[in-house]
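In the two complexes below, chain A is the common chain; its partner is chain B in one and chain C in the other.
After this line comes the complex of A and B, so read on.
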């Protein structure tokens, strides 16, 4: 129990401090700062619909964050979650629209698998380039984001476009492919419980399996892992693909459970935010369930805050920045020089 | 005459850990002062206090009669204190010359680094001390031994060091290079510099120093002129008990077939240079074959090639009767290979992971610590605690990150893990590099025990005394070639030393 407290008191303190500092900002810009903060923090619980929307926003954060944790633990910095999310979403939409006559249970299954495969592929090539040719994966995954975003734009304004719709969105997927809602919360997709389950599974795999132990060893010292006979490169590449598959799955679940179609620029920056979420959770799969729920709360609450008050939703960016800054502070640990005894 | 340096009643603690209880030290002008002590005794902390890395909690530092404070490394440099750290402080991507003058580059127009002048000055220093370095080579391309020399070059490049601190400077040097360094140290002393020579190699301490101070458990417990001191006296003061270095007994009677054999193994660098040139050797079960040689003559390549981490271009490697030339590291380990690599922080363990994971990694299946791929934490921790006890690994339990342990204890983790595999062949490289007498003694005893259990041991070491006291037969690597193999009965330090420096059988 004390171990858990030690682990979370840092992030919890940082969160509290960020909210306090953020309040100073709100105090400076708003006529009604209290209302702003009330909206930001509590509007998500004001109605069933609000709450459902909140949970829906947490789902991609958890899944992409889990992928980030997995790849970082394996020693590769996959910052391409956004691109893999789009790759998964478009693959899911393409399967859903392209194979409408598949029987009900098979269609969503096929679409989900397609989304995971597309995400995996979009993470695999930067991983392979890194391991075979030493190409920096941060650069390739980051650039991959733009390629995926623009490529999906191209598809959704072209072959997949719904001619009857106003914006650049794909046609609606057949209802037989839609995911059910969480019982009692009509608009909340079961994508969230699935994501939570996968996060728990991810924790087991990383910290309780032989494969996970080898992977973390490879991530912290590849040459050591190789020397003790772990097939380190293969494992690391698998972890990278898995990381992409999780982000792709987030895209698939988003399309099947929330949008029911592919919408251009549907992500409010889930990929980047998931990076923060995972790092704040210290790359711990269970911790990132909590940080995802907190970030989704801010993300969702900010929308209500913007509607109800004069504070713009970009306050979230301020809070995120403060949080990242404060998380890097380690109280009680004094500055140490590089050379110690 | 006024002493160059006086430390009075120095004390230092880190949190709850007392690093230095009470140390007094007086160093005369133009003298070499040896500071001996085991790892963790407080030597490095003391030197870091002098180098401005740590501030003492208590006590005073007096240099040439003036009480001084050394708040940071720049202040230490201004006071004329040059320091060579035990761990490398070089920037790998920079050249030797750039590293030598890092932070104090010669300037042109007060702004630009005068690269030519820097090279010339670095080359002159290199020439003067006979370090044989290419000052234009990036440090990353140098071998461990060469890096150490670059490190020393950097400290010697101080304008006029009043006090030069050398922290285990010969740890990675060959006997000949070490002798060379000792000569340099004497030259510096004769030039008026006071040299603090930190070492646990007593032979060196006695050979080079005028005075000696022994530190144990954070206290200075012995001060005396070196003249007339014996190694045994200093060793007892250091360890606090009598020391009996393990020694290989009579050559074993080899009955079992198998072990390791190499036939014309050749490894070529990408540029085409031969790193290993037609190496042929064999080690039988129960036998210890020592490979001596100056660092950088193919030792690393030999270890990596046998371990399956470096592909060979020609030749054959047989392990326990099977051809493993093309086999992966994993397959070779499955066939009974254990590997204690030369640099524990590089290939030996992961400093960020807990001790238990470092011990258990690669043994989950063999030691039945997992079922269906799922680790049993209880079994793993029991396994780890058992090894911690059997190998007397101190400095924290199974749950602390391995990197927080001392060098000797980290090395014991590697040794414990590799021996827990009950290997048929143990490949050992530089097993006591940078660790203290007690831990080194322990590791040596473990190696001898393993040989007694019919394990074939290939011992690669640039520490000649280590090879001489453990191996049954001794080969010398020179320029990637194996220069003769000598039975221990016929091997003397002089003979092997000659082979190491000339590359010819003697």
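After this line comes the complex of A and C, so read on.
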């Protein structure tokens, strides 16, 4: 029990500090700061519809965050989650719109596989450039984000565009490809339970398999891992591709379960938020479920806060930035660095 | 003006913000900090420049506000990376999130216009030959930073802190102070980049208007090998590529592909830089010495 407390003490402190700082901001700008924060934290539970929307928003965070955890554990900084999410979403929409006559169980399956493959491809090339040539993966994955968003914009305003809809929106996918809802929650897609299952599976793979142990060894010291016979380079590259596949899958599940079409602005910045969520969970797949649920609460609540009060929803973006900064300055980590360096 | 002159002007306009971002990243790189926070510092500076320039009607105050905001962010970044030992990449991304969230929050809360801030009339930056003073300043900054880094004791100390912290410490240099200095220099230069982006010609601020120029500057710096002249040359390659891509639109190339050019150039450039470095290392590091390589010295051969 004390072990758990030690593990969550830092992240919980950072979260509370960020919320407190955010409250000071709200106090300064709002006529009714208490109502603002009540909406931010509790409006997601006010009705079944709100709650379903909340669960839907947690799904991409868990999946992309899991990918972040996997790549960071393997020693690669994949900060291209947003681009991989978009690659997956557009591939899923393209399959759904392009192959409408596939029989029902095959169509969503093909679309989901396409989304994972697209995301994996979009993470693979920065990983390969890093491992083969030493090209900095932080810069290449960030560049990849911009390129992916431009490419999806080209497709969704071109071949995939819905001529009847306003803006950058694709045609509707055939209903045979839509994912079912969670029983009892009509608007909540089964994407969230899938994401939670994958996170548990991710924990098993990372901490209870030989491959995961080798990966973590490679993440802390690639040359050492190679020297003791782990085929580290290949494993790290697969982890990178897998990380992209998870982000791509998030895009696919979003299109099939929530949007039923591709919309260019469907993500409120899930990629960088998922990075925050993963860091907050200290790159632990199970902790990630909890931090994603907390973060989705803020993300979803901010929309209700903006409607009910005079505080804009971008407060959450400010909180995200504060949280990342607070996370990096944990006193414990500073001590550890001082000892090892 | 001739067509070539127009193109040169367009290329220079595209180069200036990238050059400033690249120089900003260069200062911290020489102190061994990979600075992804340039993007956020530029963005916050751009909003400050437009907001204060609009309120005061003064160019000078707008630029001063840009400097103030970017230096505050740089101080925060330097404080937690240098002072508290935080990971520079994660902290830099945190600064970027804070800047993008903060600018959006200010737009919504203060100006009630999440789409951007477009003052009705905004003073022009003083210009020479159609290029603003900030563009000219960015060009002057290249030799200035070369002199600073290679011809002054402070610049030498900064580089020493980056290249070998332990040796620098032994030589009596305060490594932490040098790193903090590099981050603050980087903030000041990034502020100019943000001010140039928003105040020159456009006269408005849009959310996320830096659109990755900070990262492209970072790539240009890495491509240029972290030296002032190399970095400047790389920034010009990016600026010329951007201006050339704009011309493609005349041939019905979709705008998305035109806009992709700088990002794709960054990836290609970084790959090329690594290939170059590896090619340089290869003969000694990888190829085993074969017996035929060692020829016995013949009589009279120069040793």
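Brief remarks on what is shown
One rule holds in what follows: the second predicted complex is superposed on the first by the 329 of 341 C-alpha atoms of A that agree within 3 Å, B and C clash if a C-alpha of one lies under 4 Å from a C-alpha of the other, contacts with A are read in each partner's own complex, and residues count from 1 in each chain.
Definition applied: a residue touches a chain if its C-beta (ideal position, glycine included) is under 8 Å from a C-beta of that chain, and two chains touch if they have at least 3 such contacts.
Computed from a predicted structure; not experimentally measured.
In the superposition on chain A, A:226 makes contact with chain B only, not with chain C.
In the superposition on chain A, contact is made by A:79 with chain C only, not with chain B. Within the superposed three-chain model, A:315 lies in touch with chain C and out of touch with chain B [touch as defined at top].
Taking chain A as the reference, the larger set of touched residues comes from C, when chain B and chain C are compared.
Of the two partner chains, chain B is the only one that A:217 touches; chain C does not reach it. Applying the stated contact rule after C-alpha superposition, one finds that A:324 touches chain C and leaves chain B untouched.
By the touch criterion defined above, A:143 reaches chain C but does not reach chain B. Look at A:154: by the touch rule set out above, it reaches chain C but stays clear of chain B. Residues 337-338 of chain A are contacted both by chain B in one complex and by chain C in the other. On chain A, the positions that touch chain B within their shared complex are 204, 208-211, 213-214, 216-217, 220-221, 223-231, 337-341.
Remark: chain C residues 34, 36, 76, 80, 84-87, 89-91, 93-102, 104-105, 107-109, 114, 211-212, 215-216, 218-219, 222, 254, 256-257, 259-260, 263-264, 266-267, 270-271, 274-275, 277-278 touch chain A in the complex.
Interface of chain A with chain C (complex): residues 25, 29, 77, 79, 129, 133-136, 138-140, 142-144, 146-147, 150-151, 153-154, 158, 272, 275-276, 279, 311-325, 327-329, 333-334, 337-338. On the side of chain B, the complex with chain A involves touching residues 19, 42, 44-45, 48, 51, 53-54, 85, 87, 89, 307, 309, 328-330, 332-334, 339, 341, 346-353, 357, 360-362, 364-365, 370, 373-375, 377, 417.
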